[in-house]
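Mind having a look at this structure? Questions to follow.
Here the chain labels run A, B, C and D in written order, and each chain numbers its own residues starting at 1.
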Amino acid sequence: MLYDIQSDKWREECGIFGIFARQENVALNSYWGLYALQHRGQESAGIAVTDGNVMDVQRGMGLVNEVFRHNLPDMPAHIAIGHVRYSTTGSSLLRNTQPLLVNYSGGQISLAHNGNLTNAHEMRQQLEDKGSVFQTSIDSEVIVNLIARSTKPTVEEKIIDSLAGVQGAYCLVIMTENKLIGVRDPHGFRPLCLGRLGEGWVLASESCALDTVAAEFVRDIEPGEMVIIDDNGVESRSFAKTDRRSGCVFEYIYFARPDSVIDGQSVYQARFNMGRTLARESGFKADIVISVPDSGTTAALGYSHESGIPFAEGLMKNRYIGRTFIQPEQKKRDMSVRIKLNAVASVVKGKSVIMVDDSIVRGTTSGKIVRMLKEAGATAVHMCVSSPPIGFPCYYGIDTSARKELIASSKQVDEIRQFIGADSLHYLSLEGLHASIGHIHEKTLCNACFNCDYPAETPCEGDCANNKFLFEPKAK
Amino acid sequence: MLYDIQSDKWREECGIFGIFARQENVALNSYWGLYALQHRGQESAGIAVTDGNVMDVQRGMGLVNEVFRHNLPDMPAHIAIGHVRYSTTGSSLLRNTQPLLVNYSGGQISLAHNGNLTNAHEMRQQLEDKGSVFQTSIDSEVIVNLIARSTKPTVEEKIIDSLAGVQGAYCLVIMTENKLIGVRDPHGFRPLCLGRLGEGWVLASESCALDTVAAEFVRDIEPGEMVIIDDNGVESRSFAKTDRRSGCVFEYIYFARPDSVIDGQSVYQARFNMGRTLARESGFKADIVISVPDSGTTAALGYSHESGIPFAEGLMKNRYIGRTFIQPEQKKRDMSVRIKLNAVASVVKGKSVIMVDDSIVRGTTSGKIVRMLKEAGATAVHMCVSSPPIGFPCYYGIDTSARKELIASSKQVDEIRQFIGADSLHYLSLEGLHASIGHIHEKTLCNACFNCDYPAETPCEGDCANNKFLFEPKAK
Amino acid sequence: MLYDIQSDKWREECGIFGIFARQENVALNSYWGLYALQHRGQESAGIAVTDGNVMDVQRGMGLVNEVFRHNLPDMPAHIAIGHVRYSTTGSSLLRNTQPLLVNYSGGQISLAHNGNLTNAHEMRQQLEDKGSVFQTSIDSEVIVNLIARSTKPTVEEKIIDSLAGVQGAYCLVIMTENKLIGVRDPHGFRPLCLGRLGEGWVLASESCALDTVAAEFVRDIEPGEMVIIDDNGVESRSFAKTDRRSGCVFEYIYFARPDSVIDGQSVYQARFNMGRTLARESGFKADIVISVPDSGTTAALGYSHESGIPFAEGLMKNRYIGRTFIQPEQKKRDMSVRIKLNAVASVVKGKSVIMVDDSIVRGTTSGKIVRMLKEAGATAVHMCVSSPPIGFPCYYGIDTSARKELIASSKQVDEIRQFIGADSLHYLSLEGLHASIGHIHEKTLCNACFNCDYPAETPCEGDCANNKFLFEPKAK
Amino acid sequence: MLYDIQSDKWREECGIFGIFARQENVALNSYWGLYALQHRGQESAGIAVTDGNVMDVQRGMGLVNEVFRHNLPDMPAHIAIGHVRYSTTGSSLLRNTQPLLVNYSGGQISLAHNGNLTNAHEMRQQLEDKGSVFQTSIDSEVIVNLIARSTKPTVEEKIIDSLAGVQGAYCLVIMTENKLIGVRDPHGFRPLCLGRLGEGWVLASESCALDTVAAEFVRDIEPGEMVIIDDNGVESRSFAKTDRRSGCVFEYIYFARPDSVIDGQSVYQARFNMGRTLARESGFKADIVISVPDSGTTAALGYSHESGIPFAEGLMKNRYIGRTFIQPEQKKRDMSVRIKLNAVASVVKGKSVIMVDDSIVRGTTSGKIVRMLKEAGATAVHMCVSSPPIGFPCYYGIDTSARKELIASSKQVDEIRQFIGADSLHYLSLEGLHASIGHIHEKTLCNACFNCDYPAETPCEGDCANNKFLFEPKAK
């Protein structure tokens, strides 16, 4: 995950896609699939293809349609994997784009990764000590080196062998000359699902990508499962078992598209339920319910449904957001929000408003939106957040937020309310969140950013060291 | 206007912006203003500036943030005008971008135009007969030649002199070395409004652009009004009177952003009312109301409000739409819609659905969406359209739809329902539309595309000739 | 002409090319033809084509192969005209690229121009007074407006009518829907020649472009001649007579390619003769003769031939000169020359050297080269220049050199020698120059930059006004 | 080396540059240095820099000034290395650009390579067997993996350790956080020299790059020598000895710039001598001596000097050669040559001509040039080649010419003469070549392409296998 300063949101790091289909244009399907996953990463994109013999890859900085406008791999192929990525500025380099494509003793292999290894640094060190060199700063290069060094006879076994050593979050799509392989880590941090497209097969981070290429959803890949797809169909192997399944709760709150279904649960229904629960928990009353578009809308509809307070579009979002927007001068207060959002005066004027958003990281943007609504005539703004306060960093995506930057790590709820200038503020309770998602109990989700209960070991390098002063991460 | 085959919508042709402000970075404000008007034209963009002495212009193909990423005019300036444009493929040329900037006997002048002159062809011919040459195919070049040929002493009078000869729709922002001038045609086809930014002034097609640059809305420019802005403030002149005010009704139905207020009427409220009226007129009952996002959403909320049937997000739209998306092969039926929209199965499965959209041009896209909803499990789809059937072409934007391409010009409502596969179909009545917008009577709006009552003469060249077989356009 | 600060040379402004050929790919031939004329202009390029019905034009900034890499007009066509341009930074704008393509009362017309009108400013003013507007700052737009305003019945007569009003230097290629027209001004300042390509015809600034497209040289276009090429062949008209033919002498000295033949005289032979004459005039003796490559080489060979002193390559030029080279910091003395030229120490060490260059404008570069040679071990550098001292500005190209910037306008030859640090310095005499070119007497060439004898009226605006303090231009 | 079909020349593969200088802008100096080495590779360029802590690299496809126009590394730095590359189409990929920059157990290291390892394939296989992965197809990646796997304690020793295993041609510049290291292989196939720039040091493939950055030539790096440059100055180590020094003879014939001095011999003088020797050996008499520009010119001057026959510029070369020139249709015979070269009719008409070129690979281009000269009126063309017949492939660059494509491998000299249509043909003898270069005897140069005497083992894979039918490569 990554913090986006403009929207005050964490960002998902990556989306992955894979296809094995002899009757399809696999590059084109990957293109559409990645387009459907574009919300998971807007910085770079790549597609690798093979015809069973030659492998080729095209990668570039930018949105899917920018990268592939003139560069979609055009060789005949029946296997392809693809990747979209969002990353920090520091490492936003062409050489860090995925999928990787390498030659090794077993032939050619291409790999794309969603997630964050918590022991990547340590594994790189070990590999370097054995003589490996690293040309990128992405975790995929660690995994591919582990595969290349495995002495196991088959590529499947080499992969399993490699994964024994890595910790943290990883969903992988891997392509060899004749196989498409999908892997989900034993905790199941990130989602991965399988679809059927004619005689072929598709793997994708989210089911919305299956819908887009007109593939039929088959099932989620299980935590600790590897699927091997070739001309013989789909073979499943369990390569590890976990005593603690822990899917990222933020996929339901914010990351995934509402039209996706993850681990059996509709994201839309989860968010709608969060809104209903918020209404019951907060008990806020007002003239209208509005959302911070687009991510808060489904929960706002749930709030409206439960409370009977009408939903209205109180904030309009500019639909044409580009990558390198020229930023306002600092002196123009609130300008950065104003460019992207606008209050609808005819909706909010003279009204008390319940505003539903999915999360607050630093709280700066929320404050600007509240002010904008009041300037447009709202008499009161009661803010409801469809997640608990974020008090702890995430180590299973790319976490750049040290704990001290999280407003909820140092402020009580009422202090936050004051900071953002809202008349009321309610965060969804962790119990309410779990009930909304409908999982039987909290142990199937990772909620560490809310309660510091990390399901796996966390890294102890970099400014993690500083975090240690703030809290004691529990081991699993 | 222009037909967009992918969404089955007409497209607005242009948005314009102007600013006179000695304390502001006028180029940067124009940039943000055009960004707020991006929905009015995504094909090209341009900004012209002056410091009272030198004039410069930057124009290019693409979205605002693409065109100006490295090219924002950076000379000191206190006046600027800007333009965004959407046009047909045939004339999507760099040389057709605006603003125009020319030298003429009166000095330098720059001009940007929103609208379509109905006698442009004839005026060009007349000007060519007098020795003018034309380097572009845009109407602005006609106007600027008329200004240059006027024998009146001042630039204001030259402009007024010129406009006496042109017919059709035009809102103009014009920049001289020391003045910013705004003009709205006597029918008021297209919107134009005035705002205050500190000590300076702003003109924009829609009020949402004023909000974005933090300018205060002052008032709409009146039909037949010219405003002249310089260091002495704003001077208003009435340069023509009309016996028939006729603002484009489609600005309320679809073109404008919901957070804009046009001629005193909130676009949001108009659309919300259309939905309420649709509910009353259609009487349709179902489990849920959904919209075709994003343009149908406000009306759908109105329908839900009036009928008491819950609103839900039954269709999700991909937010990352680029300019040159690689299109699916023809054989993949429904694919072009599938890439941009996806049904939310958890919302529509087993439900009867009322689907609200703003308009139907050819009906092809509607059919694909209905099919998508049914495949996702909707038991019935009742379609409500927040406009009457479009039976006649528009001559006041760029109308490329010959009448025969309009499904409502040759099919009855029930035939259209069958064509799109809906279980029911209701179009908003013209009376209902007017009531929703709240204008006192229909004579203040142009409804010609619904009832063939053209408020001004229509052109008789090109394939207009063919239209003559279909209907007899009435003169005003 | 234009001053190039890096090489201390004037630059030719433009090259033009035209083709009428039903059996050829006229766009591709124009591309190759312009490539052969690239030395006449490296800033922008353009090609316009017609199939007798539709006209299209592609223009862009950059070298021929950069502009047309992906953009060569690809419609079927049998007429094309093309243009390359070098211009000052101030007006290096996309909108100033050629050919122009306009609609006027007579249909469509496209035009490309090499030369400089001396009364362009005045003509623009007159046209503006009659109501014309100007979108560019190029002379071609003046001519095209004059054509459009002519009341003559045919396009040929309109062109002739227009040219009656303009003064200065112009070679034109003009394309209508069915004709290719070539024009050379009555003084014949700039070259233009006619070639035969199969059943078709070619016009080009220099014969080297005919060679490149494998066309056969037919003849030079005469001063005051217009050729009209269509399916009936080539028709010639004399549209004006001149009492003073005055081809630019600098075409022979520097501008044209040595493999071109201009007005019956081989450029190579002219330069070779200049070198021979220099040897006789200067009487310099040394160990070797070297040239400042590439333009001084042919004259240096002539010097060697006449004097018997061996020619050697004492300076090597980097062949990979790009447009936007990153310049050295000022502190690095001589660096800007060092990047492009290098002395060959093994050639010059311990040798006295005669260095032949074609011209000196400000003298700054010559000084750096002399220093470079001495640092490489040359014991003496005797400089020979194959033109007389440039003491007066040129008004028939784009002259940006005010007289005061010309070193020879304020310094005697020996002062210049001292300034550049040479041991000796000899300029070719005007008589020697004429004898070398072999024209019967000086009256067939324009030598105004050497002797202030302007063959036509010179303009009196801009900093020309300042020049008036320096000299009294003679009228013809 | 690589065959260039358009000029019928082999192409040098790479140029390298390195700088250690605390008082200089090392990135900018690398830029100018690479620009001076541009003739050694025009396909891609890269510069890596370090400030002793962070390393950064910029690489791209294109000429030096294209790649770095907006991308020159701009961090403060005191060490930099750079690379230019020419390669086959098949592997002209962004991921194959240099310098490589990797992390390994010893920290960061960056490396650029000129040459071709003859056992690269085998070494890759061995490394892959030990678990290495390869992301590129360049030899540098092999070397860097060997360094990373070395167990020696220092980076210098690791490098020496690595080089023990590789065979073939390699000049390397290597950058660590605090050292610049230069290496030349034990045979000295490719050149590398050392220069002094103020308090700093420069390494470059050719001395012309030292001149360009105003560095003073110090000495050539010896075969088998490694120089380590840091704040303590330059340390030299001999890492291997060879029983056979064998500098590439083609550097003198064609690759290097004439203003470079390689291994103590001026390239210019060597070429001049080749021309003199050609005159003596051939005894050809004619009216003039001309060259195929630019590479044949120096030898042609030598021929003229020795024979007393005047030198003239009989062929003109277009100076504006771009990367992706649109090629003529096949039917246009000779067009591809005509675009780049033109005969000067006034020079050659009615003359018998001696034409000097540096080499003939397939002979196709030579034939076109001879024809062009005859069409321009040359009465006879006697061709002199300043190298012996090329009968054997090169394995120490990138050799893509199988032996059967070399015209001299299957045709006698008189057959070649007939093929190219020349009246006479003389190749420089091997003895004459050696005498011209002035090395004491042939054993200090590699002449394998002429006499099949390979100084080191040659590879036996790929179509090398086919070559085996043609000749028996001798081991050293």
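The rule is simple: contacts are C-beta pairs under 8 Å (C-beta built on N, C-alpha and C of every residue); 3 or more make two chains touch, one makes a residue touch a chain.
Note that the coordinates shown come from a computational prediction; the quantities given were computed from them, not determined experimentally.
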Notebook entry, point to check: Distance-wise, how many Å sit between the C-alpha centres of subunit A and subunit B, to the nearest whole number?
Noted result: 36
Note to self: Suppose each chain is reduced to the average of its Cα coordinates; what separation in Å results between subunit B and subunit D?
What the structure shows: 61
Margin query: Measuring centre to centre with CA averages, how many angstrom lie between subunit A and subunit D?
Written below: 50
Notebook entry, point to check: Could you say which residues in subunit B touch two or more other chains, in rising order?
Noted result: none
Check: Given which chains touch which, is the overall layout a line, a ring, a star, complete, or other?
Finding: ring
Note to self: On the basis of the stated criterion, which chains touch which? Give every pair.
What the structure shows: A-B, A-D, B-C, C-D
Check: For subunit A, which residues count as touching subunit D in their complex?
Finding: 94, 100-105, 124, 128-135, 144-145, 148-149
Check: Any idea which subunit C residues touch subunit D in the complex?
Finding: 25, 28, 31-32, 35-36, 38-39, 42, 63-66, 68-69, 72, 208, 211-212, 214, 257-259, 261, 266, 268-269, 294, 297-298, 301, 305, 310-313, 316, 318-320, 322-326, 328-329, 332, 334-335, 338-339, 342-347
